[in-house]
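There are two complexes below, and they share subunit A, which is joined by subunit B in the first and by subunit C in the second.
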Partner chain A sequence: MKAADFSYHEATNIQDAINIKAKDEEAVILAGGQSLLPALNMRLSSPSCLIDISKISGLDDIKIDGDYLFIGALATHSHVMKNELVLKRMPCLIDILKMVAHPAIRNKGTHGGSIAYGDPAAELPALAVATNAEIIVSGQNGDRSIHAKDFYLGLFETAINQDEIVIGIKYPLLKQEQAILFEEVCRRHGDYAMAGLIANVNKIGNKVNDLSLVYFATGDKPDSADKTAKLYLENGYDYSNLKNSLNSEIDFAGDLNSSSEMKLHLATILIKKVLNKLEA
Partner chain B sequence: MDDLKVNQNPKLGSIDRPNSYIGRSVPRQNAKKHLDGGGQFVDDLTLPRMVHVAFLRSPFAHAEIKSIDVKNAKQSDGVIDVFTAKEIDEVCKPWVGVLGHLGEMRSPEQSPLAKNIARWQGEPVAVVIANSRAQAEDALELIEVDWLEKDAQVDMETALDPNAVIIHPELGNNLFWTRTVNQGDVDKAFKEADAVVETTLDFARHTGVTLESRGIVADWNKAENKMTIYHNGQAPHMMQHIIAKHLDLNEGLVRIISRDVGGSFGIKVHVYPDEMAVTAISKKLGRPVKFIADRLESFTTDIHARCHKISGKLGVDKNGKILAMEIDDLSGIGPFSMYPRTSAIETNQVLNLSGAPYVIPNYKAVGTVVFQNKTPMCQYRAVGHPIAVAITEALIDKAAYKIEMDLDKIRKINFIPDNSYPNKSPSGVPLEDLSHQASMDKLLEIMDIKEIETKKKDDYEKGILSGYGVISMCEVTNPSPLFYGVGGAHISSQDGASIRLEGSGAIHLSSSITEQGQGTEAIMKQIAADQLGVKLESVRVTLGDTDATPYGGGTWASRGAGIGGEAVLKAARKLKDNILNIAAAIMQTDKDSLDIEDNNVIRKNGGEGISLQKLAETVYYRGHEIPKGTNPELLATASFLIEGIPFVFTNSAMGCQISIDQDTGIIKINKFWAVEDCGTQINPKLVEEQIRGGVIQGIGGALFEECVYDDQGNMQNATMADYLVPMAYEMPDIIVDHVTTNSGRSIIGAKGAGEAGTGGAPAVIMNAINNALKQVGAEVISQPITPEKVLKALGKI
Partner chain C sequence: MTANNTSNISFTVNGEKFNNVNVPSRQHLADYLRSQGLTGTHLGCEQGACGACTIEMDGKAVRSCLVLASQANGSDLKTVEGFDDQMMEQVKQSFLKHNAFQCGFCSPGMLMTTKEILLSKKKLTRDEIRSEISGNYCRCTGYQSIVDAIEECINEIN
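And then the complex of A and B:
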């Protein structure tokens, strides 16, 4: 379990990293390395070059940017969890990150890394989609912003170009009547979930008047369930109806810990579990 | 000193004296070494001219090797050589994993590297020797093998079918071993029973997952004809014999050194083909060779365990008295029986241990062990116990429900009474010094079933399914020669200890028992210091070196404290006797008027004594001052083995309380209770660690762990992300308590404490889950009990 040979480049700034990535199709970005390094050691991936961006300064900022909370790509999960702005403006992110692996991994793993890697079982891509976040990438032609829902194309496939690097994520600031609710079911704490749900809720009092549902660990990318959300708004929680709706809307893919049937069941149950939190 | 436990063993002397360390939770000194990163594991070792290896392993469960081309691999950077079976077989003779004392076992010869046919995914086929492991792995990719994939016999349940794939054509079929135990007349008894219950349970394959993976450095010294092996095993003297035998070396010139070992659980007590290949490579090249299994190799080549399907039937009369029990067990062990302990023992223990706490006048058990194209299976912690205990206790719960009797009551009226030992198990195995009645009483005292029952009813009203279980079990510990030796294996059942007083006054102890992180060194030190009358810190210990310790069996089957500890006790008493004889001569007094306390020979009636340091200085440097004819030996050696019975059994009672999320199928273990009777506890904290750690492994078996295979025999989850072991979040509160019945076989009175949790937790957890599910008419019968299985049982999916 030793990685095949690769070259290593410690990028001094973003442009430096972009230049190398543009030139070498087989080069990959190393940020926290929590997904990449095991893949290298298992020889599932053998890139020509690792472009280490972890020493680039200023890429881990967390700040208010207009109507957005901006989180720099290199902010580690631990760093985000301890941030005052996050606590005040997007506390759900802290609850979500508590479910991401374990402290040792959160100390190294980065926000941008998780967003860019696009693991369909990971929480942050689904959060980005559910909150209508903007993913900011930087490339040879400068910076551009990609809507999260346009960012994830398929299994580990994103809208990012060869010469581009994720430099940050902009989450729209939550409005007074808005809540982001989160729940997942996993075999062990910190594991990838068997199914997970992030709900973006608009409410008046405890009454939900608008809702979007985004699942993770159900298919090949974050799965939005707009029809099912609408059905819920119309008829409330009805297990069979919602289950049928989800079944037609999402292509559930089973894995080692849960069959597609199990995932469909959990996805349905999660609507109840998540919305129960409104009352709590 | 803290946490003094009342020592109930009068043979050990008063606890109210200086240096009475037995029974106290003194801190273990080697824990600090590990915290400080100061351990020395096999992978920490670098020797001059050392090379590294990587194995090419079969990607198929069953395939013919039509040809292997290593030309390009040999040209790769840093590569020294590439070997296949042909080269390795020139120096290493094959082995056969059978023993002679348990009826006919049939297993073919096995060599370090597969030749012609590979029989499991992960079987080593070729090996690259290079200057670094990374270079060896680079070259692996250049070896060209012409594979012809064959149908694989993956499923054990079809292994004996007429159309099964025969893994070893020379054997005619896939049967490795079978045994039937028949006591009394079960058929007649079932007819007379008022209630008969039946069940069939499934246990998935799982493995031991040691923190430190298997590792070996073999160093052949041509000039001295000496082979030195640095190995993270459990039984150095067994390995010494085996390496000498198969490499045709002088056994006396094979040295096995096992320094720090990061967990073993029985995984590291077997002979592995890749490790044998490493010794052969060192012999061929005359260079030190290192192999450290990576995690993928651990999952596909460390032995697996369990993999049983067992049917059982229990008959009781209307008062709950058990009349008969019958079991039929099937197990699949991969393509070879492991060497030298064989892969029959797990099934054998299932047959021996089922029903063992209870009076069951009619008992029949059939065990069948078959070959299949999966990783070899063999003895892992609590060998066979989880299956035996689960089937027994599941049947007893079922009978209790059927005749509407309390779960504790049905057990109490069927226990072999505490005052009836020596006695026999239903299978006919001799039992002695057990305490099922007292242990269950203690369990009920700390558990409060009434409160749990009330909570269960309240929970049910609230829509929560909760439940509980109580079980009792016997554990195989402290084996005698009747376990392996009688069958022809060169595995010592005797252990030795050697202890000396040095010129500085320090005490040095060596023992053939080994340390894998459980605290062997600490308890050996405690016994020696306690029996000798010296401060703990004046004793240092050497373990795990065939050139430096007495001969013996090592650490496995919970034998360290009971067998190795007794040897230390006897050696310490002999040394004390020698010291007092010398002191009596020097002090011109009667030996019986002297004792040793805090490193000083004292006069019991007061008056001036002599320090051990002064006494040693006198003996070693000014021997002329000792009266003529005094024996000057400040060195004593003793050995111990269990005679006359196969094992010294331990017993325990366990309880747990769980709740089930009916929406998700997630099980939460709210609390776990364990009462253990391991006789004398040398260090109660270490005993508790054994029990807690064992319970956690048992939770793994019950709820999480499974080596998942596809239909072609490919393991699907060979990573730590996909193979689920319980972690801190999954660990419940575990309340540990004790009953103490000393073993009459030794002075120290200790029995083993390492098997209970792993062996009993799967049964009590499954019973508790079924106790909860029963409220809605559901049941689970397959371990691990996953959320999906629970939801299926509940009819939710």
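And then the complex of A and C:
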């Protein structure tokens, strides 16, 4: 199918984009277009105007900012995967991005786009929640920083205001005793997952002494499973206990590829799969 | 629906300059290229899944169904019609030899993805080749012959 009519505006700087967005409620930001354009082609939405921010310079920086690794909103997935700082300070991000779509899509799709879109099946929003990242947005009243866990409100619903755009994401630098582990189940490499898990682990040697679990492709947003993580720390891996706990903690939503029961099962075994990586 | 909104853009396709052309804002790049007779760029799904529309934009493989023509302003594009350098001639020969072209629908995208693999200079294993081409659907070959052809290209060209 083809997109409905809209006007196209190439933003010259952030302020320019913010001004248009503030004035026109039906205008939307276009970054890499790898989620927005499929939706427009399928006529799932028909905005009045696309504000193309992809040519604004300086929005794709990757740098250390105090105790954080900062990734500019316009850094493409391919660019992040090749970055030396990411390789040194947050190598898990490279492994995760390998599972995001395919090379030609990663050449365009942006870090900020994935965070801002808030697709419940996407990897990066769950990573941001699991690592306690900060999402930096800019609007008419200047910049503000939003905790990732307060950013995702529901299905494709975020804490961004109409006049705001995401300008970057700040991931806390990993500590010596910390590991970010990741695993997902999907039908085909590069497809959206049927269920996936990011674990933020605090360890001494191979022993886990603190743990948080954040799922994607399970519900309507990144799903934290704090009770289940606590249960694991107390009793270790017990399939039926953990499954019951996850069932009470997460509102599993089935999709075309997997029912909610299947997602619950996958979410349970993912705990084992992910934590097995500590021994690897 | 008729498109009222247009953009005026200039870019290069396979070395040929397109200056000050008017395109409907809503038109994606693949449709524009095809409207200019460059029908080697195929359209399967128009949602990024099949890879048939993959072309080169400023040196990188992109889905031309997921780029607006307006966004190509100032860009240097290459489509399958422009894959005529020595390396790509060799790639095409290798695809022919291994029977990696059947109906040809996926071929422009497969050739582009192969080009990007070769330019990365990585020595990929067969499994890695499969993962690199996972974004390109082929409904004919069963992929085996395409993997054979790409493997040969990696060994002979890089």
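The criterion applied here is as follows: the second predicted complex is superposed on the first by the 280 of 280 C-alpha atoms of A that agree within 3 Å, B and C clash if a C-alpha of one lies under 4 Å from a C-alpha of the other, contacts with A are read in each partner's own complex, and residues count from 1 in each chain.
By our rule, a residue touches a chain if its C-beta (ideal position, glycine included) is under 8 Å from a C-beta of that chain, and two chains touch if they have at least 3 such contacts.
The structure presented is a predicted model; accordingly, all values stated were derived computationally and were not measured.
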First, second, both or neither for A:Gly190, with subunit B first and subunit C second: both
Contacts of A:Leu127 with subunit B and subunit C, given as first, second, both or neither: neither
Partner chain in contact with A:Ile105 - subunit B first, subunit C second, else both or neither: second
First, second, both or neither for A:Ala27, with subunit B first and subunit C second: neither
Contacts of A:Leu50 with subunit B and subunit C, given as first, second, both or neither: second
First (subunit B), second (subunit C), both or neither touched by A:Tyr8: second
Subunit B versus subunit C as contact partner of A:Ile165, first or second or both or neither: neither
Which superposed partner A:Met42 touches (first subunit B, second subunit C, both, neither): both
Contacts on subunit A seen with subunit B and repeated with subunit C across the two complexes: 1-5, 38, 42, 102, 188-190
Residues of subunit C touching subunit A in the complex: 1-5, 7, 24-28, 31, 46-48, 51, 54, 60-63, 65-68, 70-71, 73, 112-113, 116, 130-132, 134-136
Residue ranges of subunit A touching subunit B (in the complex, touch as defined): 1-5, 38, 42-43, 102, 185, 187-192, 194, 256-259, 261-262, 265-266, 269, 272-273
Touch list for subunit B against partner subunit A, complex: 132-134, 137-138, 294-296, 663-664, 666, 704, 708, 716-717, 719, 721-722, 724, 726-727, 729-730, 786-788, 791, 796-797
In the complex, subunit A residues that touch subunit C: 1-8, 10, 30, 33-34, 37-38, 40-42, 50, 52, 54, 78, 101-105, 107-108, 188-190
